[in-house]
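In the two assemblies presented below, chain A is common to both, partnered first by chain B and then by chain C.
Now for the complex of A and B:
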């Protein structure tokens, strides 16, 4: 078959069910919220551009999630994610300039080129009986698949150097996370080389599966393999949301009509035996009693929260005021970062912090003493 | 009809199962990586369990068992880790967010949450109607959460607006004075918590959307993290399951 004809049939005019791209749409938003939600909550330290990005992000992700103006919303989510990636300094954290954020932006931008609002969406519900069939031109899906191939092929290319293939780079990772700095033996070297080569083969295999896997079974197998591979990386190393992004993105492996068939089967009502009418009064009353007693139990046992929640939220705040300057406020840790070790700031500010529930005046030396290491409250470990 | 006699659609439970599974993944799994617990092999062993049960919960494979195992394991880790004074990578073990999520998962295990939108359904389709006494327990659980919150706010420090002001300062990094505005907000806040406490039982279709707006607004206002989404899922679950079923049917017409 001539290439031009093949491209026409299988790419430019490729049609299929829109349910898989609709699922991608919903799940991509969940990942976006997970990664960027905390960062993009507006606060007093954000500049105007960051505020605007935040507003657009929350509006567009909400629309994308429920499927209202789905394609423009997807584009807006992709663009705001890219803005966060490119201008990470405005959002206060350098780890936003990372591959997993860029991957998220690409996914959403490419989704906007698909009819992702034609299924599982408010767009569809509003159209009522005028709704188009759940089939559409899916050249955008082909772009998603091609980007996936490029992503994995690029990963293989990036790893094709002596430092990786010899296992040395993986050994560094293992020593950094698990083994410490003591010299390692031959067994560890074998494990490192195996993981290094295994990663290359896994990523290469996934790239080839997107292009050449012939059947639904083989593609499903590749999808499950891909999720397991990324899941293992997430389990063993301190990575962020790339695993979740890829678990969503890899859905493009599955043939669209098979996804439609599966969802159809899950949605189709099933006739079955009438539910049992046996009384469940006793288990209900027992369960309700346990649930009602839990907050009281929590107050008696120090290891269990008292059930009311958030009693310590905000109880570590400090406020710093200068006679001729703006005031600084926030958690003790945040104020510490803003004020301590800053010779440019005027001296002798008025400082007060909440200590054991009450505002207490304190001095700069006391505020700026070394803070004990505790888990950072909102730093994501994802 | 009495709560323990209700029979209804299981679709809202299926959707809630998926979202609660995703929430658990987002909130908890990262801190259960073995790299964080190399010094505590007992914790590391226990931490391995949710890595299997949470994916099973999300896809709905042996869904009720997955929910029970995840919830019980989180409670065990919560108590055991707290007793040892451990801190995970991100959130400390004594976190009310994780505690409440664990309780929710244990209660979810008492519902037919695997009967819809699940691998269990793919393998053995059953009618998506079942006794919903477990669903009624989720409504009790929701009321208890908001009721306990409201009770905890019956203090002079709250009514004066001082607590809200401090929470706002911690979140937004700007000085906030406790005054008439904060005090008024504090009163409205408790009223809304009591509304959320009543919403699972009274005028659900009207009160649940108000409660939903309240808990979702808390996310940008305070450091609530996934608690807001968790509370939102619980409130949505309190809607009439058959109404939710009809809405889903409307959204998924035949080809």
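Now for the complex of A and C:
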């Protein structure tokens, strides 16, 4: 078959079920919220540009999630994510100028080129009986597949050098995350070499599967393998966002009509099942009793919530003012960092902190007392 | 989609507007492998670093577990010297992780207790 004809049939005029891209649309928003949500919650230190990006991000991700004006919303999410990637300084962390944020931006931008609002969406619901069938032109899906291939091919290329293939780089990673700086034995080195080569074969295999896997079974196998591979990376390393993005993106491996068939089976109502006659009063009453009694029980047992969480919101916020100088405000920890041990700042500031819900005058010596260490957490998601 | 990776990863031409999938390239680099030795008249005796620093297992060794700076090697050596008492002669073999593999940093040239 001539190439032009093949391209016409399998790319430019490619049609299929829109449920794949609709699922991608919903899951992409979940990943975006998990990574960028905390960063893009507005706060007092954000500049105007960051505020605007935050507002657009929350509005567009909400629309994209429910599927209202799905395609423009997807484009907006992609563009705001790219703004975060390019202007990471406005959001306080260089960690945002990384491939995992770029991958999210690309995913959403490419989704906007697909009819991702034609299934599982408010757009479809509003159309009612006029709704188009859940099929559409999916040349945008071909772009998603192509980008995935390029991404995996780039990953393989990036690892194709002696430092990685000898296992040395993987050993450094294992030592950094788990083993520490003591010399490792031959078994650890064998494991490191195996993982190093394994990732190259896994990523290369996934790229080839997207392009060449002939049947639904082989594609399903590759999809499950890919999700397992990325799941292991998520579980064993501090790489979370990129892993989740890839696991979502891998949906493009599956033939669209097979995804439609699977979702249809999952959503199809069961026939011939008589309604249950069992009373659900007792479980309901027990559950209601537990919820109502929690605030009482919670005060007695420190591990049980007692509903007082919001009472301590804003607790330990401090404000430091000088007569002719700047003012500093924030949590006690933030103010401590900015004010304590700073001989360049004027002396005798007026300090007050929130204690048990009320502003209380505080002395500098008390503010600058050594703070308790916070519990160490795993590195933030990447 | 293709131009960025080809130029960036194939030819090393990286630009902000061209995507290239340089992923995890430097992650883990700087991690050092450290082996301390006590020099004795009978030769160099390998030392258990974490045990001499007061830990029973690498999982509970906290900040002592990982070394990424030369200054930390010297500080840990000093603590080991204090445990061994004077006159101790403690030396270290240290290699540091780089993108290309491992790079030698120390080869037992100096007595770290001085």
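Definition applied: the second predicted complex is superposed on the first by the 314 of 382 C-alpha atoms of A that agree within 3 Å, B and C clash if a C-alpha of one lies under 4 Å from a C-alpha of the other, contacts with A are read in each partner's own complex, and residues count from 1 in each chain.
Everything that follows uses one rule, which is that contacts are C-beta pairs under 8 Å (C-beta built on N, C-alpha and C of every residue); 3 or more make two chains touch, one makes a residue touch a chain.
Owing to the predicted nature of the structure, the values given are computational and were not obtained by experimental measurement.
In the superposition on chain A, A:86 makes contact with chain C only, not with chain B.
When the two structures are aligned on the shared chain, A:125 is found in touch with chain B, with no touch to chain C.
Of the two partner chains, chain C is the only one touched by A:102; chain B is not.
Which of chain B and chain C touches more residues of chain A is settled by the count: it is B. Contacts of A:173 after superposition on the shared chain: chain C is touched, whereas chain B is not.
When the two complexes are overlaid on their common chain A, residue A:269 makes contact with chain B while staying clear of chain C. In the superposed pair of complexes, A:155 makes contact with chain C only, with no contact to chain B. By the touch criterion defined above, A:183 reaches chain C but does not reach chain B. Judged by the touch definition given at the top, the superposed model places A:203 against neither chain B nor chain C. Residues common to the contacts of chain A with chain B and with chain C across the two structures: 177. The part of chain B that touches chain A in the complex is made up of residues 2-5, 7, 22, 25-26, 29-31, 33-35, 38, 51, 55, 78-79, 82-83, 87-92, 94-97, 99-100, 103, 107, 110, 116-118, 121-122, 125-131, 133-134, 136-137, 140-141, 144-145, 148-149, 151-152, 157, 163, 166-176, 219-220, 222-225, 227, 248, 250-253, 255.
Listed in rising order, the residues of chain C touching chain A in the complex are 1-2, 5, 9-10, 16, 19-25, 27-29, 31-35, 49-50, 58, 61, 65-67, 97-102. Chain A contributes residues 30, 34, 37-38, 41-45, 58, 119-121, 124-125, 131, 133-135, 177-178, 231, 234-238, 244, 260, 262, 264-267, 269-273, 275-281, 283-285, 287-288, 291-292, 294-295, 302-311, 313-317, 319, 321, 327-331, 334, 354, 357, 374-382 to its touches with chain B in the complex. Looking at the complex, you find that chain A touches chain C at residues 86, 99, 102, 106, 143, 146-147, 150-151, 153-155, 157-158, 161-163, 166, 168-169, 171-173, 175-177, 179-184, 239, 242.
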